[in-house]
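One chain, subunit A, appears in both complexes that follow, with subunit B as partner in the first and subunit C in the second.
== the complex of A and B ==
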């Protein structure tokens, strides 16, 4: 019989269930469909970007510019629409801008050969600055009502918000690719040992380039969702989201050292962070509690696996001595 | 000739210093007001905080680590200093608590990175959140306004010594002190050894864990005390003070030649990097360029700086998050 291996991701799922249990006890409103639909909307952008960030961190890279890419995509959408471009085309422009942001990061990391942490701190400032340059200080608020309604209404006759559709579709695609295709296995191989991956014929640079581009595109998608959800494109949106995304991915069991992680763990993590946020709000805790909880969870996500390793190695050495 | 040029280019701080001079000259020739004493003072006054934090950050970046928690720490201690009088304490109490807060955060970061061997990016991201959360809990919606800022701190922000803002002088003094430690003392040299090759450093008998812990402790302590500068500079503090500063600080270091990949860079470079970023901000204003281009220019500058560095050194082989695996 196959031995059941308890993985970090199982812990995250148990944690999610516990949060839901506690939340329902704290407030009768927590477990309602209204609140569920609110939580699903609330996590939208973070979830979409986290899908791509999971790949990137598994491959041993990082992208701190995602919130700025999101915002630049949103700004480009708004800018195009303000200048008379039809809304549907404006959305495509937003997506394209997100993709270009990712391509720029990918180029600087894989072709020029720069460390992604430094590069994406640079592009974080660059993309944010460009968003200001595009829109000035005037947000674009007059967006077509039909589209904007998609941002905060539910699919007719269900309690599911429209934003669940991109999350679900992209989530399934990302899951299949990461866990069931060659590209997914390459991603793990690159993160485990980039040199060994290169010697075994994996196009490491091209893969990393593609992952950065995909992360940019996902930021673009998140930018469109964000614009619809807030019915506005402004240059100062989504500030600091990058750290939320990274925190969610890491709590989901992806190792910052690369090579380790699973997509369902990340999704469970995003959901539990959203659920905690809602539970804390409903229980009248201040937003500060959420900061402290996020930080504590992040610490737990690195301390516990490390503690297990230390304990195991101790036990081994004790056995060896006997 | 070529050799001299090549050797000169190896001084890591040189390209950026030249660039700084060029920026100043170019701006000054377009707008003569930029050469005046008061705009120089503006640069120096504005740069003090980032320069101080960049000096502290250099300690950890040369070890191939990073400390993202500094923005939360400096904000918290700025608030505590401002609030100490309304809590019925004097400024010495405030300073003591600020230093303690810095030491506690630094010790937490250092313990987890040095002894539990956890990645500093994750650990300090977590402490960024936790300290900010605790900070917001303490501060709530309260804002420290000018009338609550202790006299001595107010004095620090407003006064100059031979025309040089006191805030900047403090940053320079700290830079010289840390610069000396990193260049001349064994503990400081060890940080470079750890950053360039961790295994070799261990084999060479360097007490790696103790050094890493010490560097994070020092970074925390400096960031804690830097709350004084933040309060002195703005004469105000609230729950958002210092938010987002961490990335500006890392940017200043990187622009100044402190490589994310570890092992190279000096505090002098880090301070020049901070001065350059600040100068450009003001230069854009003097040239009549809208403020929002500042971010764009900073981003381009950072990318150019690391690209140039990459071009000048062929040491780096494969890239990872933190740079190279050699």
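== the complex of A and C ==
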């Protein structure tokens, strides 16, 4: 199992390289620093939330409310700012609201004991509704220019957008924790077999609670980035982003069944999806083609690993019969 | 819901305008005075695959062939700001001269538009504008009709259908729908001052307005409620495509004599206009919106139009003036009757 998993992530990296190669051939505008800047900006929110979603899916849980949490954090930021709170404090309020969203999910799953799929479908709708209640039909759009510029300009003298900073910092932190600490090992153990993890002394419920809270906080960070990038906070922002995040995590080699996955695979996957979209777009493929490709990738990432497992077990049973 | 209606309404208005120009314009000639030839123009709808925007693009394409421009229709499959931003980035990267865009989100695309503008691209919004606070991001907005005129035109259709006498009620969308409320507010005093033999069924327009929430079932119930409460009502105006369709269906089912008019999609309303259930509905013409926007943008890029308030530009054989807010309106909503419904039902 471990061996196969390794191959999948390598496959994702090879896929990314192939996309870059093909994209460069399809369009002269693809392999440019301008485009790299656009793509890195474009994947910002997805990458940030995917970091946390990787933990959650490895631990055998899922959070479908991330886009709504992102949007509620953004709405809270905008609402606070509109009511005279300084922008810096409004950002902290946005982050806090994201965290609270995660805490609510964590509470309902680990304390009340409901399945995460059901809980987060509910909070998906609830958080979206709260954003509407907060802002009404009036988006907040006159944000401080210095801050908004961070959302869509590059770091001076580079071709890297400012949004790369939260991705890089949080990415390193997430990678170290997942692959080099006890918390990371616990996460895998819980996803592999929660019962066994519990008996071996891992605080399963507390860990899951913390993972949900962290996912909420990351959604909050993504909400701040989103607000700056689009210079506005509106109740209908980031609709459907949860699908992009989950697709990226699964295509990155994280098993929907839990216990399996690595962060670098997920990051390569997020980059691949951004690069494909950009390549198809610049090569004048229609937006319909884009939809088909991203749908197909999601299907491949769920079906292929499962098919391999089935094939392997069949081969094993054949061997056993012999 | 409101967004959807706005879209549909915008489409309708556009289609009407387009038809108007399509019939009155001389055959294409490659060069127009004041417009550079060979401009590379991006035509970006809120989302592709929507009939309304296909009609919009039809008008844009016609203008492009008249001015000898190279136009590309491109945009996302979902009508959201972030999805549109990716395509604006593409327009920047591929060095287009001009971007004609229907804003899927009045705020979220503004940073990208500013970036495009800084890259030397001339931007004209058409059908849906950016927020008023961000109007410097584009040269001019081409919009269907001034809000008040959308309301008063509907009163004119109702008065004509009812023979300029009797009482009138309104079947609206949601009570909070901003567009509808602005139109209804304009209807109120216009009816009583323009048509002395007509009045609001409930005394004032506010007391005569029923809300169907842009839901077919609820709109039907509200239509019945109006007839029950005011059996002698002469006309019902429904300034929403959902409401006017529900009213037409229910009128036919009940065999009611009340006149029905409002903002309707020609494709949906065609059966009821053809069989005489409804005399007139209106909407804007997306074809004209696209057509006029391409001319405005091409002239701005060529330096023969600057988009300032009070300035004007020619598209086809009509002249359009920029009014407060940097907006040029097409004019009156386009009306659909037995005479032209066959043509338009195929378009949107």
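One rule holds for everything that comes next: the second predicted complex is superposed on the first by the 299 of 322 C-alpha atoms of A that agree within 3 Å, B and C clash if a C-alpha of one lies under 4 Å from a C-alpha of the other, contacts with A are read in each partner's own complex, and residues count from 1 in each chain.
The definition used in the following text is that a residue touches a chain if its C-beta (ideal position, glycine included) is under 8 Å from a C-beta of that chain, and two chains touch if they have at least 3 such contacts.
Just so we're clear, the structure is a prediction, and the values are computed from it rather than from any experiment.
After overlaying the two complexes on the shared chain, residue contacts for A:282 are found with subunit C alone; subunit B is out of touch.
By the touch criterion defined above, A:313 lies against neither subunit B nor subunit C after alignment on the C-alpha atoms of chain A. Of the two partner chains placed by superposition, only subunit C is touched by A:141; subunit B is not. Measured by the number of subunit A residues touched, the leading partner among subunit B and subunit C is B. In the superposed model, A:158 makes contact with neither subunit B nor subunit C.
When the two structures are aligned on the shared chain, A:133 is found in touch with subunit B, with no touch to subunit C. Of the two partner chains placed by superposition, subunit B and subunit C are both touched by A:290.
By the document's definition of touching, both partners, subunit B and subunit C, reach A:240. Within subunit A, the residues touching subunit B in one complex and subunit C in the other are 137, 239-240, 286-288, 290-291. Contact residues on subunit C toward subunit A in their complex (touch as defined above): 2, 48-49, 72, 74-78, 80-82, 85-87, 89-90, 92-94, 105-112, 115, 131, 133-134, 176, 178. Subunit B contributes residues 66, 112, 116-119, 121-123, 125-134, 136-137, 243-244, 247, 250-251, 254, 260-261, 290, 292-303, 306-307, 310, 316, 318-325 to its touches with subunit A in the complex. Residues of subunit A touching subunit C in their complex: 29, 32, 34-35, 38, 42, 137, 139, 141-142, 148, 151-152, 229-232, 234, 236-240, 277-278, 281-282, 284, 286-288, 290-291.
Put simply, subunit A touches subunit B in their complex at residues 60-62, 64, 108-110, 112-119, 121-130, 132-133, 136-137, 194-195, 235, 239-240, 243, 246-247, 250, 256-258, 286-296, 298-299, 301-303, 306.
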